[in-house]
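Notes follow the structure.
The first chain written gets the first letter, and so on, giving A, B, C and D; residue counts start at 1 in each chain.
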Amino acid sequence: MKITGLRKTLFSRATLRAVIALSVFLVLWEIGSQSKQWLGFTVPWIGQVPAPTAVLKAWVELLSDPGYWQSWYMSTLRVLAGFFAAMLIGIPLGLFMAVNRTFNGLAFPSFEILRPIPPLAWVPASIIFWPTQELSIAFVTFLGAFFTVVINVLGGAKSIDVRFFQSAQSMGSSQWDVFRRVVLPATLPSIVVGSAVGMGITWEVVVAAEMISGGGGGGGSGGGLGFFIWNSYVGGSYEQIVVGMISIGIAGFACSELLRTLGGYFTPWLKKR
Amino acid sequence: MDQLVTLLKRAMPFQMVPDDTLKAIAGLAKYESHAQGDVIYHIGDYADDIYIVSSGSVQHTLGIGTQATHLDKTMRSGDVFGWAAVLENQRSRLAKTVCLERTELIRINGEDLINLFKASPALGDVVMSRFATMINKEFTLPEAVAAQVPHFTQAQATMATMATGLTLTMFRVSQWLKSPKPYLMLIGFSILLGIWYFTVEVWKLPRFEDMPGLTVVVKELFSKDPTYGLSLYTPEYYQHVWVSLRRIGIAFFLATILGVPLGLFLGWSKTFREYVFPVFETLRPIPILAWVPLAILMFSGSETPVIYLTFLASFFATALNTMLGVETIDESYSRAASCLGASKWQTFREVIVPGAMPFIFTGLQISIGVAWFSLVAGEMVSGQFGLGYVINTSYTMVRYPTIVIGMVTLGAVGYTTSAMVRMAGDYMMQWRVRELALGGR
Amino acid sequence: MTTDISHGLSATSASVSSKVNAGEITVSNVSKSYGAGLFTKEVIKDCSFTIECNKLTVMIGPSGCGKSTLIRLLAGFEKPTTGDIKLGGKPITGPGRDRLVVFQESALFPWMTTYENIMYGPRARGEDTQENRDQADYLLEKVGLTAFRKKYPPQLSGGMQRRAELARAMINNPEVMILDEPFRGLDCMSKELMWEYYAGLYEESRRTNFFVTTDIDEAIFLADRLLIMSNVPGQVRATIEVDLPRPRRLAFVFDSERANAVKMEALSLLHEEAMKSFTGGSKAAADFVEAYSRRSSKAEAG
Amino acid sequence: MSAVLQRSAMSEKVALQGAIRIEDVVKIYDPEGAAVMAVDHCSLDIPAGEICMIVGPSGCGKTTLLNAIAGFHSITSGKIYLDDKLLCGPGKPMAEPGSDRIVVFQNGALFPWKTNLENVAFGPLMQGKMGKKEIYEKARSMMADAGLSGTEHNYPGEVSSGLRRRVEIVRALMNNPKVLLFDEPYRALDSLTKSVMHEALLEIYYKNKVTIFFITHDLEEAIFLGHRLVIMTSRPCKPKKILDIDIPHPRDYSVLTSPRFRELMDETIEVVHEEAKKAFAAGEKEG
């Protein structure tokens, strides 16, 4: 039953169409990039982009380059640091704001004033403040995820159906019990959503921060994927730019998927019948 | 007698009444005939009977003298009028009623009729509810008539609505002021600014002392002769804001006019989605900032790459949300449209587009947010002007207070643009605003 | 109208004079309004009635007549503006496990399995004992959900969710069960089956039950006493003793002359109230119907 | 006055049309290879102008049948005719949706972004058979006839659910349909509002004699409204018992307590409950 199901998705019309569409996309890209040689004139915009085949070749070469993997490692480390810091501070803060009205009145307006400032605008201030480059990147990364996480947790906790509280109360729950067994699980789905979105933003911010601040203290190959891209640009190896872009895409996608799977594991009641 | 019964049966309130009850009603009825021009009753007369027109026609006139207006509807055979007779709190006639030709009427004492129905409350309710519907119909019809009745003057009604609207707002404001919220907010702000002020300028904590201080920033911002060259009085400040706004404007506009239709088609046509969406999804996880070098390669100059980056971020958010919006439209809406004879294209225009509107505007809100996000990044990396550029050059040229000026301005401008998008959404979705206003009272 | 209320009151004083029953709720002269100043809306006005001990009292009235507000007051989630509510002679000050509320639509915690939901009450009080676990198993079997003990509420059908909710309430042994349209939203057939089911549970335990509904058949099938509410502001308009024999079975009840007579009586009162809320949109029509009903109630009084 | 005359003439003409014939219809769903039979060799004849009530437990496949008539779903085999015109059958598994058969949906499908008047005018505007001014005039007068004056410029979200249902029926009638297909339209209403809605529906029906195909699982509603009652079996769905309701029209709510009504209830309640219990035991999800 399962195998037939798998076969069905693999050979379904949708998959077929996806393959066709992606192939057409790649072929067009190849033609566009090679237009100078093949057609005798340069197609605007795409003409400047390295061809997929060249990118693939560059990628294969990079796979055995430890510097490339070092970039992966550095970026992932920064993302994880910023992300976990955001979760660690953001979730309790959001919950506390939802539960305590006074604190909410105190902190929420200030929070709303700071929120519209794009995280990247904090980069210079962060570099001035933190003693090391590494910390300043981590801080900006943290900010990127922090606001999203807090807003999601707060929204989730505030939209809990009042009947849940009422029935818990009428069955004799204490305050702490209501918090632990009603508020927390009821907010879990929004925590999952918030962290998945936050993860996406984190990757965006890391790349930008690495580009702007010119890589980590190590410089050169130690600077993470964002720096890898910038370095490739400065060094004129344009194929590597695209490799870097795809790598970050894969990394971001994998992290978000991982979070969703984890989230699904923590919220079993949300599964479809 | 039977003739009376047949006649009663034609009158709207009595259509469902069983024959034996009708006979009882007929027993209460008096039959009378009038010549043309006869006045049945005047305004203010005591209302005792209700009337059913047997033949001929009568006309109602509301108001007196020059204010007098004829009611649009002329009462003819089978129509009922004079219902004030069955009301308890309105026992005087509201109109003057005149026979337009030779007219035969059946009159029934209101009190007697009520008493008859009291005997069978079930039946009474049905008849009374029909009466109610009828009164409803006839007395909500002409606006001209409503304007004549002193209580319902159009202008007064508008005034009244406005007044309640205003009092409601005032009420809400006073409630808000009575609640601890505004004071907590002020305390919160003071704490935030206090921390900034004390840590940087008073206590000069390590690391903090390098940061631009509160007073320095404020002085700079309001100085006519700024130390670091940027304040509310320098034209450069407005030039930077304008450049950023123009970039956002172009990018956001392009993203909307391309992203919304793409999203609509993605959601609407399954075939289109199956072909296009995979490509879309493959490109989407790549962070916008990773496009920077490639964008510089693809587009010459420094302006286009920045706009391109901003556009790209907005575009993905808009298209994706629009698609989600179309997918969440309840199937029964498009089914209802096809039932009612709408073609495929009409369904798209009349159902899919307005149905997806709430999601489109959510998408646009997100889109303007990410547009600012990537604009700042783009301006920091390349670009000649703009708020991101201000922040970055202030850093490299060690003019720290202007970093904060840039950040604060960014926050304010970003907030304003997203508020504008929200207002545009409210304007275009009146139905939603009114629905929500009703629910969230 | 006054006669009806005094009828309710006389019943109260009779039972009060004999002894104060533990599970008896007396509501005296309760009013509840929301908002302030110009925007005050009075939802319940001067409402008095008794929920007698070990009886199933059903309250019926048009939607939006303040029934749900009354339930929030009885449960102690809110306080009345004036008047007082007493349970067994003691005033109600806040929510407590002596009065358990079963909500309209299901309020099962979606993040807990059926079994965890049923065990919520005992666990919340730190009574996760073998005895309570056995009781939970017994109740699961009683409501026919043994096979579904590890399922989450969204995986259950509407009828099953309601049964799980009944079980969750019953494990706490409350003195009074308060049910706020618990079967609303179920389709008519599942609903009728739930009536028999619920009546069976009640007949076994004979707890004090207070049941609120808008469904006349449901009300007559279940009730020992029927309270009929007026339109906003809510008041008890009439009390009808439903002296049908128990145990009750659907076919049997709807065959009986007595049930039909009660239904007719209640219907005529309710239809009038429903008409009021139905025509509420138009001022003229509302005035009209109100005037009519005032007249007929005057006729009844005189 | 002339408009009224015209309409009554039209409705008389329409009354001769709108017969539905369902012949041996089978519908098998095939989600992920597991064939589920929703409708099993179902045959039914509904004469023009009849109110035919379809009663059955939830999820039994009644809605599938309605969707097949409306043209939203295909059928696996069998034929469905409307006045000798083949709607769907061999070689044409799916009927064309059209304004001769209009569905009134379970949760209501008034477009929330259009005012009530725009909703009512929607059908003729789309079909483009009449002038815009004419359409709005007709829409106004039909709304007034149904006691909906004063709500023309409200959005559906602003009026009560009972009023919304009435607007939806008027929207359907604007198109002079031959058949109205009701998919449990009053399910979400409370019982008291429901009883008022039933009378309103009958009143509209007496004015415009269209064929009504009405799905419900409320037996009381079915007997109160219908000329004929078709009790469906639990999935797969086919008629189990067909019953003529011989209470004369026009009816009002006093019918509910009449002896004949109770007799009919008794006659059917057992049959219905047997099926309901089957579905209940299987733990079918609603809707």
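To be clear about the criterion, a residue touches a chain if its C-beta (ideal position, glycine included) is under 8 Å from a C-beta of that chain, and two chains touch if they have at least 3 such contacts.
The shown structure was predicted, so the numbers you read here are calculated from the model rather than taken from an experiment.
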{"item": "Inter-chain pair with the most contacting C-beta pairs", "value": "A-B"}
{"item": "Most remote chain, CA-based centroid, reference being chain C", "value": "A"}
{"item": "Distance-to-centre winner among chains (Cα means, whole assembly as reference)", "value": "B"}
{"item": "For chain C paired with chain D, centre-to-centre distance based on mean C-alpha positions, whole Å", "value": "33"}
{"item": "Approximate Å spacing (C-alpha centroids) for the pair chain A, chain B", "value": "35"}
{"item": "Distance from chain D to chain A - Cα centre to Cα centre, in angstrom", "value": "50"}
{"item": "Multi-chain contact sites of chain C, meaning residues that touch two or more partners", "value": "264, 267, 271, 275, 278, 282"}
{"item": "Per-residue overlap in chain D, given as positions that touch at least 2 other chains", "value": "150, 196, 253, 285"}
{"item": "Of all residues in chain B, the ones touching two or more other chains", "value": "122, 129, 133, 136, 140"}
{"item": "Chain D to chain B touching residues, read off their complex", "value": "1, 70-72, 97-99, 101-103, 105-107, 109, 111-115, 122-123, 126-127, 144, 147, 149-150, 155, 157-158, 171-172, 175, 196, 199, 250, 252-254"}
{"item": "Residues of chain A defined as touching chain B within the complex", "value": "13-14, 17-18, 20-22, 25, 45-46, 48-49, 102, 105-110, 113-114, 116-125, 127-131, 200, 203-204, 207-208, 211-212, 225-226, 229-230, 232-233, 238, 241-242, 244-246, 248-250, 252-253, 256"}
{"item": "Parts of chain A lying in touch with chain C, wherever the complex brings them together", "value": "161, 163-164, 166-174, 177, 181-182, 185-186, 188, 267-269, 273"}
{"item": "Chain C - residues contacting chain D, complex", "value": "62-63, 156-160, 184-190, 192-193, 214-217, 250-251, 254-255, 260, 263-264, 267, 270-271, 273-275, 278, 281-282"}
{"item": "Residues of chain B that touch chain A when the two form their complex", "value": "180-181, 184-185, 187-189, 191-192, 207-208, 210-211, 271, 274-279, 282-283, 285-294, 296-299, 369, 372-373, 375-377, 380-381, 387-388, 391-392, 394-395, 400, 403-404, 406-408, 410-412, 414-415, 418"}
